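Every chain is named by a letter (A, B, C and D) in the order it is written, and numbering of its residues begins at 1.
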Amino acid sequence: MDPKVNVYSSFESEMRVRPDDLDVNAHVHYTRYLDYVLAARYDQMERCYLMPMSEFTKRGFGWVVRTAHAEFKRPLGMGEYFIVRTAIEEMRKDGVRVTFSIRRKDNNKVCCEGFIEYTMIDAVSGRSTSIPPDIVEKYSI
Amino acid sequence: MDPKVNVYSSFESEMRVRPDDLDVNAHVHYTRYLDYVLAARYDQMERCYLMPMSEFTKRGFGWVVRTAHAEFKRPLGMGEYFIVRTAIEEMRKDGVRVTFSIRRKDNNKVCCEGFIEYTMIDAVSGRSTSIPPDIVEKYSI
Amino acid sequence: MDPKVNVYSSFESEMRVRPDDLDVNAHVHYTRYLDYVLAARYDQMERCYLMPMSEFTKRGFGWVVRTAHAEFKRPLGMGEYFIVRTAIEEMRKDGVRVTFSIRRKDNNKVCCEGFIEYTMIDAVSGRSTSIPPDIVEKYSI
Amino acid sequence: MDPKVNVYSSFESEMRVRPDDLDVNAHVHYTRYLDYVLAARYDQMERCYLMPMSEFTKRGFGWVVRTAHAEFKRPLGMGEYFIVRTAIEEMRKDGVRVTFSIRRKDNNKVCCEGFIEYTMIDAVSGRSTSIPPDIVEKYSI
């Protein structure tokens, strides 16, 4: 296979800030942005890649986060709507690197961006495992 | 004013379970249902009572929870959509008692129900205060 | 067995407020008090009843919350130390009613109190099940 | 001032996993490790740098997270004790870069490590501001 650069689609999920996401500064607590990314990935696995997390589980697979990196640009506040865009940047033998951005829906300004590296594991052993070809294909859109 | 029984409207907010809401049993963690109720109230203050929380804050008021009571009937799971219905059951001089139910969207079955008593406070002193007549009116729909 | 009233011991766990527990008012978010109660029960199952949660799991049992009731008296703030006291108030065939109080460590004032009703379930079926005699005994201290 | 490399002390805080920190895999949810780091910094500001967060607030300052980077090595599980070690790696005009590690207390193995870049802000304007000399000094231990 020829080396390819960023041939993957990006997908978007719309969500809304919940009151329990806010910290003492009335902004979304910094770790919640990463919860939003996780929620977007679950949504997009089901809706965009057509393989919900439950199917991974049924086949004995799991995903674990190996690395998370987030840069905080602007805060989100109470009740705001936002868009989480994610895209696979690189697929490794046993994992994927996903880039993300979180933007306010009303003005499209970036609030947070970064990447997350996921490793596929065998749910029984807990060890990393190769991504099966059919899943590589599903993820190669 | 004559005594009246439950003359208040009920309102609904639709939400979705986030992955970070789940506990080790793959069900929504029990305290998160109360976070959903809070989110529904914020949504409904803005959309149904036409007085968002920010307006309370601007006028120097706050709401604090005095009592929370929840009965757990059925669990919500990953990614499920649900409806939070709330209604004012009783308005006191300095607070309201709000009943709630959380139902799965797909089958309308009750997952959690209960009530929350909120007290209005003066944001500066932190003490309970009478609900001003215009807010009583807004809440009397 | 003769009816007995409150023959059960109460136990205490000391904890500390984490920054991520705070809400926009710089007080502990109202649902986190119930997280503290859960943490205290896990601590006390292991340390006081000498049967950690992992042993329940190993034997195929689980605990689910049927009812939670909390009254909020005074807020806890950033970094404060507090004591969670819990006691079994009543043991049913398939569950226990546990009362709790959360007090600030420095002045012993009550911040939150209430009760939680737990039902024992069979982990496979998810249905309620009788508490085995040896566990009734362990809990009867 | 001569350029200096890593002249700063590292400090440790001991904490314990709470049940509400766990995800569906019975491991600490990935974003909670960053909550532990924040809790450790608050603890160490007060106990080690002798300048609690409340003093920053009183002087009109705040800290915001600009970048968070975490690498996940081993999971923490229910009730485990762990040590969060943090150290200032670099002090900029308006911020600090703090490295951290989270280790299981019983075997000292690294569960998570990374860094966080904090920017000091003026609490009124919300903009970044120079760290005053006396705070630079307090942080230079």
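Heads up, the rule we're going with is that a contact is a pair of C-beta atoms (placed from the backbone, for glycine too) under 8 Å apart; a residue touches a chain by one contact, two chains touch by 3 or more.
From a predicted model like this one, the values you see are computed outputs, not experimental measurements.
Annotation: A-B is the more contact-rich of the chain pairs B-D and A-B, by number of C-beta pairs in contact. On a Cα centroid basis, the chain most remote from chain A in this structure is C.
Chain B has its Cα centroid 30 Å from the Cα centroid of chain A.
For the pair chain B and chain C, the distance between mean C-alpha positions equals 25 Å. Centres computed as Cα averages put chain B at a distance of 35 Å from chain D.
Within chain B, contacts with two or more other chains are made by residues 19-20, 25, 31-32, 35, 38, 78. Residues 25, 30-32, 34-35, 38, 62, 64-72 of chain B are the ones touching chain C in the complex.
Chain C makes touch with chain D in their complex at residues 18-20, 32, 35, 38-39, 42-43, 46, 52-54, 78-79. Residues 19-20, 22-26, 29, 31, 78 of chain B are the ones that touch chain D when the two sit in their complex.
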